[in-house]
Amino acid sequence: MLSELKKEVCAANRALETSGLVKLTWGNVSGIDRASGLWCIKPSGVPYAELTLDDLVVLDLDGKIVEGRLRPSSDTRTHLHLYREFADIGGITHTHSPYATIFAQASRELPCYGTTHADHFFGTVPVARSLTKAEIDHDYEHHTGVAIVECFHKLRLKPLEMPAVLQACHAPFTWGKNAKDSLNNSIALEMCAQMALGSLQLDPTLSAIPAHVLQKHHDRKHGREAYYGQKQQAPHEWR
Amino acid sequence: MLSELKKEVCAANRALETSGLVKLTWGNVSGIDRASGLWCIKPSGVPYAELTLDDLVVLDLDGKIVEGRLRPSSDTRTHLHLYREFADIGGITHTHSPYATIFAQASRELPCYGTTHADHFFGTVPVARSLTKAEIDHDYEHHTGVAIVECFHKLRLKPLEMPAVLQACHAPFTWGKNAKDSLNNSIALEMCAQMALGSLQLDPTLSAIPAHVLQKHHDRKHGREAYYGQKQQAPHEWR
Amino acid sequence: MLSELKKEVCAANRALETSGLVKLTWGNVSGIDRASGLWCIKPSGVPYAELTLDDLVVLDLDGKIVEGRLRPSSDTRTHLHLYREFADIGGITHTHSPYATIFAQASRELPCYGTTHADHFFGTVPVARSLTKAEIDHDYEHHTGVAIVECFHKLRLKPLEMPAVLQACHAPFTWGKNAKDSLNNSIALEMCAQMALGSLQLDPTLSAIPAHVLQKHHDRKHGREAYYGQKQQAPHEWR
Amino acid sequence: MLSELKKEVCAANRALETSGLVKLTWGNVSGIDRASGLWCIKPSGVPYAELTLDDLVVLDLDGKIVEGRLRPSSDTRTHLHLYREFADIGGITHTHSPYATIFAQASRELPCYGTTHADHFFGTVPVARSLTKAEIDHDYEHHTGVAIVECFHKLRLKPLEMPAVLQACHAPFTWGKNAKDSLNNSIALEMCAQMALGSLQLDPTLSAIPAHVLQKHHDRKHGREAYYGQKQQAPHEWR
């Protein structure tokens, strides 16, 4: 069941460690097959290097486990809520990568300070509020998803234009068209956070880049006439 | 003698280097078999990559060497005192990992600024005072242990709830249920210290996370109804 | 066609990743054969580890693709303009390496704070202005090159004496006598930026090194009587 | 000739790169055979991974090349002066390692902020002044050595108690009983500089550790009754 999806999700989970984004077992990737509504996620607490396709846990969009002998990631109900509310996303990555987490811990949003950021995130990466005691006491991980969705509705953000959030006191979540794309957005977010911290050290009053630069970089990679990469155009069309 | 324990302690010592926590020979891991009261530790000054099971030094709880042809770590008497005073710990790791040592050198305790910290350390990681001249001149490493235990008694901390300390002017010690667990706590402490330094750069007046978030993360991983990892519950119980 | 050049350019592109300068596909190297006026560059969005000689795209100095089935790097028109305007350069490297980008994002030029810098860059690495909306909307990457060349003309800089620029809001470009040399200058720039950030943390009012130290280090490596490395002199001439 | 020494010096030079202390060819290690007065050093500009025993250049204490077909390191005359003036050292390492260079660029000495430092350097690592124009114009690298020796005489420092110096505007030099020991001191210096920078971020007015802690750590590792490592005492003497 879902063997292609499982391969991609397993590879993305292993890459969490080899890319240096996570220590110990502090992160997880999931991916969804929208046709069937089935999705799979890393099991809780299993070392990345030992992870096999059979270890992945398959769930439906009601959160029912349909395959797998291991307990799913403790963050499963956050992923579930995001898949239900963000209809166009195909993969989710959660890490405690240090620089993104530095911003999350300080409840500090991440403005767009350069084109690296603009290529991946269309504007300021927002902070989702931390949870109330009641939300934490009952169904904590579900409410993490609720706070993220609430944040995106309030700021009128589109999930695929802004495929990242920093949860206050906690850490980042990213997503994308598929599992690999969500992982790449975690890598990009970590670098943007590291570079923002450094640029702020040089200039604590630094402003975000001009709107037209942001728009251009977004369109160049994600717009209707995107020309980054190999898929959208044949080489002879390049000029 | 103690072959399983030796394997674990040897692997944890080698991981000090491969995990990037130590340079040269600046760290050591030990583990104890509580049934026999015997414990083993890295020999002093031996490169990690060359360490074999036979190199480990086995001692009893009086500090007498019962096996091994090499001199034990110069920090042996600190480990000994911790095993005697903290009855429920099964392993100890000492490193000079850079970010934790940055806090120790500044005699600065490490507040809980996020859930990464809360998952491992139940509150502020304390600073044990530096030693007096008399303590240093006579049985220095023993008094390092004394200062740590004194700090824990004074703050009424439980060693397995707070498996780490920063010794002023020196470096961190961590411990855990066993040697591997103590190593993992060193890895976690180093990341928490790195992220705290960064979050403090963004906000020098940053507060610790709310008590209910700290409690939840501690319980989720260590409480009676813990649901992180694979051991406590079967997968079908997950929801 | 151009098989030696392609080998060098392919190796330099792969080294972008193995050297840690780039994440994902955030960088590209090109090299030119001045005799024929043909040059080659990385294709857009192709992972470094999978890059083969046949993947490289060969262009002429009018920007026409003369060989290659893939679309060239999205930064191709910046490279093209630099090759046309800087007649003595033989290779160009573009990265988003974190420390150099930290300075670029803050629109902060990089003064020469030490001999590491002086060995590679003859003075302050300049910042090229960010682009106007009109420049971005029409032929963006070409205008990036225009802004760099304008900056060098204005400051009367010689490209091989100052083989680097930081583009405001964006990232660095470096160049050199050939592709490998341009890559080495990216590695040097990244280290100089990292060390400058640290030295500025210790002393926010730090001055550049004295002019005679800068001149000496430049001459020692690049001057007529250079004595660094193995090429210019036989060993018996050393003293 | 000097085959054991060459093996050690070659291995130490290769370790400059694998340990992460140097990029490109920014560093060199030498070692001396005091009996014959012959010493060998890395050739200038040769990549570490390609270095062979035959590439090393052997010189006498007059600076005459007695073996080797390549030009020696451009820093050769600095090493020569140190070997002539510091009679008890057996090896020298020069790097541009980032954190030590951050302090050197800022002309900032490195106080002893913790026991990591105390284990290797007996007090504050000093800054040697930068050179005058006359010194730089004539026999630059020799005068670098002169400034270092002058600094040590002025501060009444013993080279083996303080096996490191930061040259203003430039970078660190370290030395030791032999080549490997000098390399280890470069590794230690880099970590101490990194941790000092971080501790100063937490507390810009941080003081050096108390004199009795410094003395103890120095004696524990280097004093007459040293008990660190395996050489000085048999294990049964440990308590």
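Note that the chains take the letters A, B, C and D in the order they are written out, and that residue 1 is the start of every chain.
In the analysis below, a residue touches a chain if its C-beta (ideal position, glycine included) is under 8 Å from a C-beta of that chain, and two chains touch if they have at least 3 such contacts.
Note that the structure is a prediction, hence the values are computed from the model and not measured.
Superposition on CA atoms relates chain B and chain D by a rotation of 90 degrees, given as a multiple of 5.
Averaged C-alpha coordinates put the centre of chain A at 32 Å from the centre of chain B.
Centre-to-centre spacing of chain A and chain D amounts to 46 Å, using the average Cα coordinate of each chain. Along chain A, residues 201 each make contact with two or more other chains. Taken chain by chain, the contacts form a single closed ring in which each chain touches exactly two others. Looking at the complex, you find that chain C touches chain A at residues 23-24, 26, 43-46, 57, 63-65, 68-72, 74, 76, 96, 98-99, 101-106, 108, 130-131, 133, 136-137, 140, 169-171, 197, 200-201. Here chain D touches chain B in the complex through residues 113-116, 184, 187-188, 191, 194-196, 198-199, 201-203, 206, 209-210, 212-213, 216, 220, 227-230, 233-239, going by the rule given at the top.
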